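Each chain gets a letter, A, B, C and D, in the order it is written, and its residues are counted from 1.
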Amino acid sequence: MKTVAKTGNEAMAYAMKQINPDVVAAYPITPATEVVQIFSNYVADGEVDTEFVAVESEHSALSACVGASIAGGRVMTSTSSQGLALMHEILYIAAGNRLPIVIALVNRSLSAPINIHCDHSDTMGSREAGWMHLYCANSQEAYDSLIIALKTAEATAVPAIVSTDAFILSHAMERLEVLEDSDVQNFIGEYRPRFSALDLENPKTYGPLDLQDYFFEHKRAQIDDFSKVLDAYDKAAKDYAELSGRYYPALEEYKTEDADVAIFAAGSTADTAKEVVDDLRDQGRKVGLVRMRMWRPLPVEQIKKALTKFKAVAVMDRSDTMADFGGPVFLETRGMLYDSEEKPLITDYVYGLGGRNIKLTDIARVYDDIEQVAKAGKIEKLITYLGVRGEE
Amino acid sequence: MSMKFDKLMTWKELPAGCLIDEPSTSLRFKTGDWRSMRPVWDSEKCIHCLFCWISCPDSAIKVENEKITGIDYNYCKGCGICASICPPKASAIEMIREEK
Amino acid sequence: MQQYFEVRWHGRGGQGAKTAALLFGEAAMETGKYIQAFPEYGPERTGAPVKAYNRLSDGPIRIHTQVTDPDVVVVLDASLLESINVTEGLKKGGAILVNTQEKAEVIKKKLGVTDAKVAVVDATKIAVEILKRNVPNTVMLGAMVKVTGALEWDSALASIEAKLSEKFRGRKEIIEGNVKAIKKAYDEVEVA
Amino acid sequence: MATLKELSKRKEGLVGGHRACAGCAASATIRQVLLAAGDKPTVAGIATGCMEVVTTIFPYTAWNVNLVHNAFENSASTVSGVEAAYKVLKRKGKIKDDIQFIAFGGDGGTYDIGLQALSGAIERRHKMLYVCYDNEAYMNTGYQRSSATPYCAHTTTSPAGTKIPGKAQWRKDLTEIVIAHDPAYAAQATPGYYMDLIRKVEKALAADGPSFINVLSPCVPGWGYPSDQTVNISKLAVETLFWPLYEWQDDSYKINMKPREPKPLVDFLKLQARFRHLFKSGNEHLVEEFQAEVNRRWEALLRKEQATSA
């Protein structure tokens, strides 16, 4: 283990190097370009054994990854925003085929208007594609998560996305600890694919057509495989904790034990909010934070257990559903708690679109609001667009 | 090999992944009943040029030891290509109406 | 709440504000600090005003917001003083360091700063003289360390030298030149 | 080159029981290509389209080799990935055999939506043979125009109406576009001339780099002719100069079939319902224009052959 200074992108590229995948097929896109660039250097300097395919689009990037994974290779790529949108079609195909491909992703808003900065609209738009998804809060976690995600993906044959916030994390250099190459290799182990199109003894047809008689059965089996991800993840995360001393639960609770109210947030903002919690705690206020790290599959029982103990919860959504009903995290959170006998009042804060800075005072204001909601026992304003001009 | 063909598999019985885990399973699916015209091959007239064999879209011309041995009616859809390209000097294949 | 030491770097695209922030961050890490170093990204190209930031602390850093109230502002190009409000948000008792030919008093007056330290160094002159190129960014690190006292000088210098060695892959004259220039800036910086 | 007798002893790559139309040339194309490739281990990929749909209906596959299907526009990039994995796994000693790779796509998946992926794969020089089974329209979805659809052809999105007589444009010359990428080998073929196609597959697979064969594959329902005429029409396309058989390698063109007396284009057109409207009175000029364009392109090809012959 050694201490280094790396940006989120450098941290993910370094984890990729230590994983040493068989094939990386990728296309550069701001702000994830560096991941591909840095990895190209590792390839050029012979530091990895990887076959690097510099494709002509993100669509081809994931298509080539699918081909390489069906061929039995350990496969990774990297992208962001429009790139993920261009991959969208193939995301479903990779998942349906049970290909444990891992994407090092940087969360960036989707056009229009074009904008290169952070929000979560890109990954939220892919939430039904059948990929495991982890939102990271800092460079250290981005590095660690890529390794844990790969292990989980290969154990379950479910592909994974690990994401950081554009620029806020992707381009911010932070201090982190990295493992030795051999520790990473021992942790992930040799890849043993479930099938390979290069297996000449047992020719198979990959990606066949289903009529009405089989499609539903195939999807049901996929959903069942997906349901095993949470346990496999937790096992991988615990094994990783033994190795690194850093444990990342699917859902993180921070100072929630006696809290009356909490913020439910993901990504770098959740990390920032811990600072606000400490500050408010110093003032004697009973506030806490629940951080959504794993978004797919949803750790439903953990979320229910965590959130039902509060009087009020503010969900922080860095994207909107365009349903005129708030952001995706808000909608799903309310859905999860519907059957709970004790449930908090839940409000939504859509914030930070297109990289709009979220200040400590903004987060403090959300705590002020939910304390008010908890005290009044009712919600005055269900959805707030935080930090946008023209809203009061 | 975990595929079943005699009945519809449940989702728990499917091979892991989204694949057909053995080759050439379509041989279990007989397309011969699509036919309304039937090619009839005359072994006496056949010169074994193999033109019909290489041109058949359904791999339905049977060959053994470089010689044609007949037509596989399990798969032949009756398109008539074989009869149409059989060299005139041989005319070893005739299309007749399929009697049901 | 944890104490943070925050820096804002002003430069023009191509002058190395980001590199300076990264080098400063890495140097700080070598002294045991937890660090962040990040640029502000826009569509700007060479010549346009750009910003970069540092955040330093003794414990793990959890906040991931822009730096709005820096302890220190570093201006890599004095011409920016005309177009940018470089003192925006500067903390009381903080410091602003400018690469200029002017005396510190003149800059202090020009900026209208009353409750923060103003320091100057002619980093461009030092860079041109020693490095034969107008690259003031690394040079300014020397002045920066002296003015702020945020880092221990010897270990900071050693770290910067190590990073430069990595970056320039053993091109001795560049590495040595930079170190010499950094030391010169350390010696020559003037505070008002 | 393998003879028919030798080929007849090989294992079929595409077996019966698939659901292609009776008389489908595309199935014959794939079958012939796989027979030609059949002396070495082969892994295939295919774009979504007619042939993928009729040959892989779960749980029935007509493929006797490993087949990878991903989506419509990415047969070339998918097989790029398979080939990349092969290279690294071979380097690591995890794969012992020499394997050859063939990507298939229809004209929709090749000329149009998959052109970018094809271009990228050739430019990156993946060692694979790409075979386009070109039936000159989107047959899988019900005969819509593609950029491979010829002049005046009726399709369901370039219908022959009272004002507009079918497709207004000539087809895109995809083979030339591929040649502009400087592949290791490129050719045009058609299954009616099976020995020519088989020879080209062998040559393409032996070439050191990416190769491409554009195979005109007549479509019974899309073109509108009796199912027993598939081979005849395939040959007529060549004999009328509508689809020249030629190949390109080492900067040289070679025309493989030069009819001593080319047949008139109408011989090809009149057998097909998609050109029926051309034979209504008042449309004679269209046939003449069509013939003139075929001649012009043939002459241009002859000049290319002459200019590049040693």
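Everything that follows uses one rule, which is that contacts are C-beta pairs under 8 Å (C-beta built on N, C-alpha and C of every residue); 3 or more make two chains touch, one makes a residue touch a chain.
Nothing here was measured: the structure is a model prediction, and the numbers come from that model.
**Student:** Which two chains have the most contacts between them?
**Tutor:** Contact tally peaks for the chain pair A-D.
**Student:** Please tell me the distance, in whole Å, between the geometric centres of chain B and chain D computed from their C-alpha atoms.
**Tutor:** One centre to the other, that is 23 Å.
**Student:** Please work out the Cα centroid separation of chain C and chain D, and write it as a whole number of Å.
**Tutor:** So the centre of chain C lies 63 Å away from the centre of chain D.
**Student:** Approximately how many whole Å separate the CA-defined centres of chain B and chain C?
**Tutor:** 79
**Student:** Just how far, in Å, is the C-alpha centre of chain D from the one of chain A?
**Tutor:** Chain centres of chain A and chain D, defined by C-alpha means, are spaced 43 Å apart.
**Student:** At least two partner chains per residue is the criterion; list those residues in chain A.
**Tutor:** 203-208, 214, 218
**Student:** For chain D, write out the residues touching at least two other chains, lowest number first.
**Tutor:** Where chain D meets two or more other chains at a single residue, that happens at 56-59, 61, 63-65.
**Student:** Quick one: which residues in chain C touch 2 or more of the other chains?
**Tutor:** In chain C, no residue touches at least two other chains, as defined above.
**Student:** Please categorise the chain-chain contact pattern as a line, ring, star, complete graph or other.
**Tutor:** Basically it's none of the tidy shapes, so other.
**Student:** Every pair of chains that touch: which are they?
**Tutor:** After working through each pair, the chains in contact turn out to be A-B, A-C, A-D, B-D.
**Student:** Can you name the residues of chain D that touch chain A in the complex?
**Tutor:** Chain D reaches chain A through residues 41, 43, 45, 52-53, 56-59, 61, 63-71, 73-74, 77-89, 91-92, 94-95, 97, 99, 116-117, 119-120, 123-124.
**Student:** Would you pull the chain A residues touching chain B in the complex into a rising list?
**Tutor:** 96-98, 157, 194-195, 202-208, 213-214, 216-218, 220-222, 224
**Student:** Please give the residue numbers of chain B that touch chain D in the complex, ascending.
**Tutor:** Listed in rising order, the residues of chain B that touch chain D are 3-5, 9, 20, 23-31, 34-35, 49-51, 53-60, 63, 66, 72, 74-75, 77-81, 83-85, 95.
**Student:** Give every residue of chain B touching chain A within the complex, in rising order.
**Tutor:** Of all residues in chain B, those touching chain A are 8-12, 14, 16-23.
**Student:** Along chain C, where are the residues that touch chain A in the complex?
**Tutor:** 1-2, 22, 25-26, 29, 33-39, 41, 61-66, 68
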